[in-house]
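The first chain written gets the first letter, and so on, giving A, B and C; residue counts start at 1 in each chain.
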Amino acid sequence: MAVPAQVESVPAGHKRFVGLRRAFAPIAEARGMARTMLWLGAAITLGFVLVALLAPVIAPYEFDQFRTSEGRFAQLEAPSRDHLMGTNVQSTDVLSRIIWGTQTELKVVLISLFFSISIGVPLGLLSGYFGGKLDRVLVLIMDALFVFPFLLLAIVIAFLLADKVGQGIFTAAIAITVVYVPLYFRVVRNHTISIREEPFVEAARALGAKPFTIVRKYVFFNVVQNVPPLATLNAADAILTLTALGFLGYGIQPSDGAEWGYDIQRAVSDAASGIWWTGIFPGLAIVLLVTGLTLLGEGLNETINPVLRKRPRGPVDFSEPVESE
Amino acid sequence: MTAGVTPVVAVRDLRVYYGTPRGAVRAVDGVTLEIGAGEVLGLVGESGCGKSTLGRGILGLLPEGAVSGGEVLYEGRNLVGMPSKELRHLRGPDLGLIFQEPMTRLNPLMRIEDHFRETLEQHEPALTGNEIRKRSLETLGRMGIPPTRFRQYPHEFSGGMRQRIMIALALVLRPKLLIADEPTTSLDVIVEAQILSILADLRHNFGTALLLITHNLGIVAEACDRVAVMYAGRIVEEGPARDVFIEPAHPYTRELLRSTISLDTTELHSIPGAPPNLISPPMGCRFHPRCPSAMLVCAVEDPIEEALDSSRVSCWLHGPFARIPDGGTAPLEREEIGVAEEA
Amino acid sequence: MAAKGTSLRQYLVTRLLLVIPMVLILLTLVFLLMRVAPGDPVSAALGGRVPQEELDRIRDELGFNRPILIQYVEYLGDVVRGDFGVATTDRRAISDIIVENGAATLELTFFAMVVAVVVGVTLGLLAGRFRDTWIDGGSRLFGIVIYAMPVFFLGLMAQLFFGSYLGWLPTSDRASPLVDATLETHTHLYTIDTLIAGDWDAFVDVVKHLILPAVTLGLVTAGVFIRLVRVNVIRTMKDDYIEAARARGIDERAVVYHHAFKNALVPVITVVGLTVALLLSGAILTETTFNWPGIGLTLFTYLGNRDYTAVQGIVILFALVVVFASLIIDFVNAYIDPRIRY
């Protein structure tokens, strides 16, 4: 449901905040399950972000460190006091790799998302609002890309880029960016199209507002509401894709940093010998982070999306006397 | 109410409040009225005055968070507070409700035939398939829908036809009272006239009483026996339609009539101000901030209902004068009413 | 506005025609992608393993020396005739790969989809109906966590628990070596082939091998359905005709089952189509985890060997499958919802 942004009547300095604050006011009103999900998801996500930021401080060892001055670490050692989550076959500390891995995952996903949104959203806006040939061409390309299963597309792109650019963070980031651009494009475009037909946009046009002004002031404000829940849920999916790439060997190279998917792939052969800590911990890290992001995204969706929003309710007392204004 | 006839439905001091974090919205705040058998009662008022809530409140079809108090008496039973299962049995065969937007009120995946079958199977399970078909086709026929279209889907009908289907769907169960909530508001004028004539004839063809909720005074004048005027959750005037329109007793009714546009209109007239906030309505008479004839007492005391001939009105202009304190009849001084009050 | 009911047939024809430009674009895209890589497909696949003259000869033989446009036209022509060529590394006919390994993936994804739909739709319907109760919260949490689990992680844990620890179920391959060797394959769908052969033991063996991979993949996918079905149920319950039905005194259970659920499931059918894409992605991961000889594992192997021709053929297959799946979904939708028939 569209809300006309009344920016004219507010002093210039506060323009953006009034609009944004209005857009996100429902979060404060969130009740019940939506609220629980929102705050729980935010807490988990924030926790991981902190871990990523503080990695240099809290990680006991480097991500590829297999010795200290006192000597080499034991290989495949079970969780112990020195190594809270044990060591893997290369004698590196599992816990440290989880912590450093957080940095890697979040870094790559954030970069990719930033680019996906920067490309997908404006394209969707322009394509949706102006239509015409540009729109048709873009839609055809985006739909074709959308047809490919996410992982397949990512693998193919990573595979192709590997020869040209070499594997690593850059390749993985590009692969993930490309995979998700059509998603933003499509959602933003569809929403723009439906808003374009709303009476208040037509009214603005009748008043002689220039197209870019309309897009900027009215359409963008409405459409941008979609982005945070979408981006959060997208981030969750991107983590899964990234770790899948790592699992298959097309993601981050071991020399660049720790990556959870890669660690799990290494842990597969350990499983036969009953060594569980090399695989379970990275796996749980993935599950926890993705769950956190998904809870956050779903929570946002519930509170912002007018279709799902539940109106807050209050108590009713018939005997209460009328208090006038 | 035509004297001596038992009403089909008697509403006594009905209240419907919606709970919000900012306080209860008093959508219906003490409404009393009666509808006689085969009678057409119009309910008029501005948007947001609570008339839709009243209509739904009678049937108990309120959203979550709404609380009702008072009485709605039907066949000796009070519908307010009745267990929902019992109430559900009355909805349909006894009390019907048709809505404003016919476009969305039919299930797009079900044929018209299926709608009728579902309704009749629910309330009259003893009927055979053939009987169901016969009754449905007969009612539809009276609405001008040919049998050839019985198996079509809703999207294949125009708005006016869908509204007729809705009316037929309500009447096939022969309810004693049909509540029509703005049934023609979203239809064009010609179709509106057709639907209105169907509704006005209900008493002859089906013996059904009708509560016609609308903001359009013209419709009421044309189709209704009696009319009740509603403002801010309360009935301010009620009486035979002709009388009320020719000689309106309440200033609000008068202003409403003056605002209607006809061929004689030379100048647009509107009522200054905006409808009041239903969470904290004005003290005293709720119309007093916008009333051109307001007196001092109007801002302080709730008006008491007075009976006039065959109508009743809640306005201090008509008394009871014994209850007005000294000096209360002096005109009320106010600043110019602001145009954009918080509603 | 009285819309004339467009016949189902007209819609099918129109829709089918629309597929053609889409497929063309996809084929072109794949063609370009493969050519974008540096060097040529032959050196990439065989370089270093085969002497230079051999490389040149093979390159010539496979037609990689000709101008791009001619290659493109021939490529399109081949695809239309169903000739996908031969893998550069092991000379296996790609159409064979598609049929044999494709059938394995089909079997896996089919049963996974069954699991996903049964678990996901049921929980989604319950969650939507009983919104904000523990049923809702529990279903949603389950859906979220299960989807957050990478397929390979869930598979790994399943293997550890049911395979190594409990020893109940096999953890890799489609069938035991004996069954694999002796099975007469007609359809390449082992479940059907064993039944055709009348070999009950073999059938049981094949099913046992199917359980872990199919349930793993299916559960993860169920998460998607739960979310979607729930949202649709909630949305549908707010629709106007629901209120109108209640006003006619239809009892709540009938309202929920006949009106809400049925209408809510309509868009879900579209999602089933979209989920095909998801399943294919998941199949790649599941097959590598369980060593299931499907098209995903095959793709992975060929990727590792840099066999562009094989990769090209398989990727086209994936894309075509998704396109046709969505076509079928649209047909089903049009059948169910009479409004959609343009």
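We take it that contacts are C-beta pairs under 8 Å (C-beta built on N, C-alpha and C of every residue); 3 or more make two chains touch, one makes a residue touch a chain.
None of the values given here were measured: they were computed from a predicted structure.
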Top chain pair, ranked by number of contacting C-beta pairs: A-C
Reference chain A; chain at largest CA-centroid distance: B
Mean-CA-position distance for chain B and chain A (Å): 50
Geometric centre distance via CA averages, chain C-chain A, whole Å: 25
For chain B paired with chain C, centre-to-centre distance based on mean C-alpha positions, whole Å: 55
Residues of chain B touching at least two other chains: none
Footprint of chain B on chain C - complex, ascending: 1-5, 239-241, 243-252, 254, 258-259, 262-263, 266, 336-339
Chain B-facing residues of chain A, complex: 311-318, 320, 322-325
Chain B to chain A touching residues, read off their complex: 15, 17-24, 26, 64-65, 67, 69, 277, 280-283
Touching residues (chain side chain B, partner chain C) in the complex: 59, 61, 88-93, 96-97, 99, 101, 104-109, 118-119, 122-123, 152-153, 155-159, 161, 166, 169-170, 173
List of chain C residues in touch with chain A within their complex: 21-22, 25-26, 29, 33, 36-39, 44, 132, 136-137, 140, 144-145, 147-153, 156-157, 159-160, 164, 227, 231, 234-235, 238, 277-278, 280-282, 284-285, 288-289, 300, 303-304, 311, 315, 318-319, 322-323, 326
